[in-house]
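Below, each structure is written out as structure tokens.
Consider the two complexes below, in which chain A is the common component and chain B and chain C are the respective partners.
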Partner chain A sequence: MGVFRRVNGLGLLTMIVLLGLWEVLVRSGALDFQNLPAPSAVAARAQDLVASGELLVNLLHTVRVTLLGWLIASVVGVGLGLVLGLWRPAWRWSMASLEMLRAVPPISLVPLALFVFGFSVRTELTLIIYASSWPVLINTIEGVRTVEQELHDVARMLRLSQVKTLRKIVLPAALPSVVVGLQLSLSLALVLAVVAELVGNPSGLGNGLILAQLALRPEQVFVYVFTIGLLGIVLNAAFRQVAARAFGPAIRGQGGAP
Partner chain B sequence: MTVAPPGPSAAEGDRFTKTGGEGGPGHRGARDGLFPPLRGLLPLIVVLLGWQLAAARLPPYFPPPTEWAQGLVELARDGLLLPAATATVVTFCVGLTAATVLGTLFGLAVGASSTVDRGLRPTLESARAMPPAAVVPIATLLFGFTATMKVVVVTSAAIWSILLNTRSGVRQLHPVLLDMSRSLRLNRRDQVRKVILPALWPSIFLGVRVAAPVALVITLLVEILTQVDGVGALIAISQRNYKFAQGFGLILVAGLFSLLVNALVSTLQAYVVMRHRPPR
Partner chain C sequence: MTVEETTPPGPAIDGAPRAVACRCRDTSVDLSFRGGSRRILDDVNLELLDGEFVSILGRSGSGKTTLLRVLGGLLEPGPGSLVQFHGESVVGPPEGVVFVFQNYAASLLPWRTISKNVALGLEGRVPRREMPSRIQEALGMVGLQDRAQDYPWQMSGGMQQRVQLARSLAMRPRGLLMDEPFGSLDAMTKASLQDQLQQVHQRTGTTIAFVTHDIDEAVFLSDRILILGGSPATVEHDIRVDLPRPRDQLATKELPEFLRLRRCVYNAIAAPGG
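== the complex of A and B ==
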């Protein structure tokens, strides 16, 4: 992410100018939206929310649930993906079913999950795990299946055992694709967490957001929205850091850091 | 899916199509063909059959598959299904079109000028990091519970892959193309219309291909969250009214839409890429 690597003075300037423009337009009444607060009002409200601890409590809840759901989804996705990617019969006899299931947008299951699990953190976790398993699963399957034939030939030539082929050839070759899947899943986990909190779970950033909306406090809505956006950026940057540190050169140039 | 994770890479398109389920070049499973064999549907059929047979013992919110169709028929008879489906399709189409036009324009701007790119990047990056679900409350604050609000949300989520693909497309334009239009003394408008856009179609369509499923999911999302109109709103309403069979029928409709969109963009993209092979 360019923002973190070097200071982009021009970009920051643009952002500040845009914020200033927003402030001026709202104050002068040139922008004719009923519920658009000025940035200064949003900042003031943010200070209150931070001071009262409300924002932090909600933030921690969302972070915790997102990460937990994502971890479980990753284990499920990679595990199942390895089975389906490596074992041909399993792929042949189930991939079409998975493709059909995948076509059903997880979002459309939100109301059902809400009914089955009620207004609880279980609804949230279930939705996160179900939805964010898909990218890891699909990318693991594809990553394993698209290992180049030449690499398999090399393994055969070296007379590697099956376990060794898997560990030394297949997994490293599939890694970049899996990492991309993990990254997509993380973003998706946050989205589903926010959605679940918006519609049902009585805590978290999404819940704070919907309460602010119901209370007709536009500044508060903006505070929560900006926090969620910031969280998205931070989670993604953290993932890149960790992935680069853990897998290093193995994933460079392939969907890792640009 | 969707809901684009940050990271302005030229490989954006590839990254997303990787989840598309079709093998890229060098696909080891070539013997199995690009699409998984149909016998793979067996587990799904078994599960649905089991569901049907065990229906009496399942809780009421898991109605047997045969009742899903009945639920849809009920909805159609009450005159609810068609307007909802139309509203969803309209929001999807308008949102995706707006995203394509705006994404191409912005992509052209940031692709052609590195100054514009540097100037807009932090703003665009932060806008892109915003989960669409969080955009919904802001859009309702500004535009109310209206069709405009729905389109704004869909556009804001679908624009990114188109923008980024256009940007990298512009960057990779062959310099000979630009030289040629200069030696032909084309004016700015003709240069864009006759030279640049045709060369960019494949990039733009790659973006649209990624954006289309996103647009559909976000359409459903905004409908479920705001319940203005559309299939998503009906799903939420039917569950709330304990009409579970209708709910499952509608989830099925959403799945059909999604299959349809995928098939459509794949066909379209194959056509476009074939017609407009970029010069090497």
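== the complex of A and C ==
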């Protein structure tokens, strides 16, 4: 129930006041931008979109693709990260290529993905997996490579085998870093899902957003923007809950994330 | 805590020489640094007898820790060196030798409870049903049997160091190598851990090599004190400590013999090459 306990009353009040101010400014004509709707208009539009089911369909698509892409990226990132972090030759051979690839902003690969996969969910998944593999990968490598020398000495003097050292010392010591990577990746997965839907795959919240803009419906644009923002918050909070439950005792005391 | 009566492993009783637990012959160590290697230890010769408590003293940077790591098989000595533990050449950490590190916080596993930390070296070696009693025995020796389910980060520094000691004792070692184990503890905690270590030594008869920079501590605990000096370092002095055991924080430290040894050790360290 940590999510609800963390709701802060004063912060909520600030938000309500700001929304009220926005409403008043738009209605009084003090703010006179073209196409800037009042919050009440946005809320009304949101009700319509919920009632028609359009918002839910788009939301579900984005959630599903984000989570699927993130899960695959997590497996790839952790697996590859362990190999690169633990096996020096692999690291030496591939680090230059990885640094090179990492320097390319994933968004610049959108046209390439479109060439290969067309306007499809495959384009979207590819972009999500590619982009969100990086934080897990880098954090896993960091995690296993920066295990304290003392812990390696402890393993040696207790004469632990290599497998036992990995299982009982290196992996648990790397866990906090890996979890931070997973969390960063999840945020990135949502960003890439929306980008891919804006320009590539014609479904999901991003697509809803771009269609609303093309249809000149600013209230609808705002509904999608808010939905995407809320989704980001919910995904992050859910991750923290799950991670704290799954890894809590394993991470506390290591200065780790959640 | 009850201490079982065993023969105190003080200096060898006349006519009954004890076995050699640990032997170094012509041992040298070169460590490589950026821009070349430097000789840290040169021509070190020493013998630790079975059950003996030997402190290794020297100024900081004199190679005390390096020597201890060589004895523990954590560091490979240079060519021509001979390092043995109970007659067997040391290649990697030998069976029956356990190292206690100075940095206790970094040497415990923060994701394991105290009892799981103590279990680390036993897992896969001791039958599962024997584990709880081995863990309790080790924790009992350092007075932490009530904290088995806590985590290291919930404890003070002194307690964490006791956990590390318990983890080593659980292995029932024949040799205990301790690298400035009480170096970063306050005076009161240090004294109580010294008492506890003394009891453990009496009870188990383990051979202990103890690196420290604290002269009082070395005289108080040891049967013998080795002083490293020179650059590269070698054993410059070998001082026998014949104080009666068990030793007491107040009474022992007021004995004229304690004060004489203290002065003797101080002078030996202060006068390089002396």
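Definition applied: the second predicted complex is superposed on the first by the 245 of 258 C-alpha atoms of A that agree within 3 Å, B and C clash if a C-alpha of one lies under 4 Å from a C-alpha of the other, contacts with A are read in each partner's own complex, and residues count from 1 in each chain.
The rule we apply is simple: a contact is a pair of C-beta atoms (placed from the backbone, for glycine too) under 8 Å apart; a residue touches a chain by one contact, two chains touch by 3 or more.
This is a predicted model, so every value here is computed, not measured.
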Partner chain in contact with A:P135 - chain B first, chain C second, else both or neither: first
Chain B versus chain C as contact partner of A:W91, first or second or both or neither: first
Which superposed partner A:E148 touches (first chain B, second chain C, both, neither): both
Touching partner for A:M15 - first (chain B), second (chain C), both, neither: first
Partner chain in contact with A:I169 - chain B first, chain C second, else both or neither: second
Touching partner for A:M157 - first (chain B), second (chain C), both, neither: second
Which partner, chain B or chain C, touches more chain A residues: B
Touched partner set for A:V121, first chain B, second chain C, both or neither: neither
First, second, both or neither for A:V179, with chain B first and chain C second: neither
Touched partner set for A:Y224, first chain B, second chain C, both or neither: first
Residues of chain A that lie at the interface with chain B and also at the interface with chain C: 148, 254
Interfacial residue positions of chain B with respect to chain A in the complex: 1-11, 14-15, 18-19, 21, 23-24, 26-29, 32, 35-44, 61, 115, 118-123, 125-126, 129-138, 140-142, 216-217, 220-221, 224-225, 232, 235-236, 238-240, 244, 247-248, 250-252, 254-256, 258-259, 262
Chain B contact footprint on chain A (complex, rising order): 1-3, 8, 10-15, 18, 33, 35-36, 88, 91-105, 107-112, 114-116, 134-135, 138-139, 142, 145-149, 152, 177, 180-181, 183-184, 186-188, 190-191, 194-195, 198-199, 206, 209-210, 212-213, 218, 221-222, 224-225, 228-230, 232-233, 236-237, 240, 254-255, 257-258
For the chain A and chain C complex, residues of the former touching the latter: 148, 150-151, 153-154, 156-160, 164, 168-169, 172-173, 175, 249-254
Of chain C, residues touching chain A in the complex: 72-74, 92-93, 95, 97-99, 101, 103, 106-107, 109-111, 120-121, 123-124, 151-153, 171
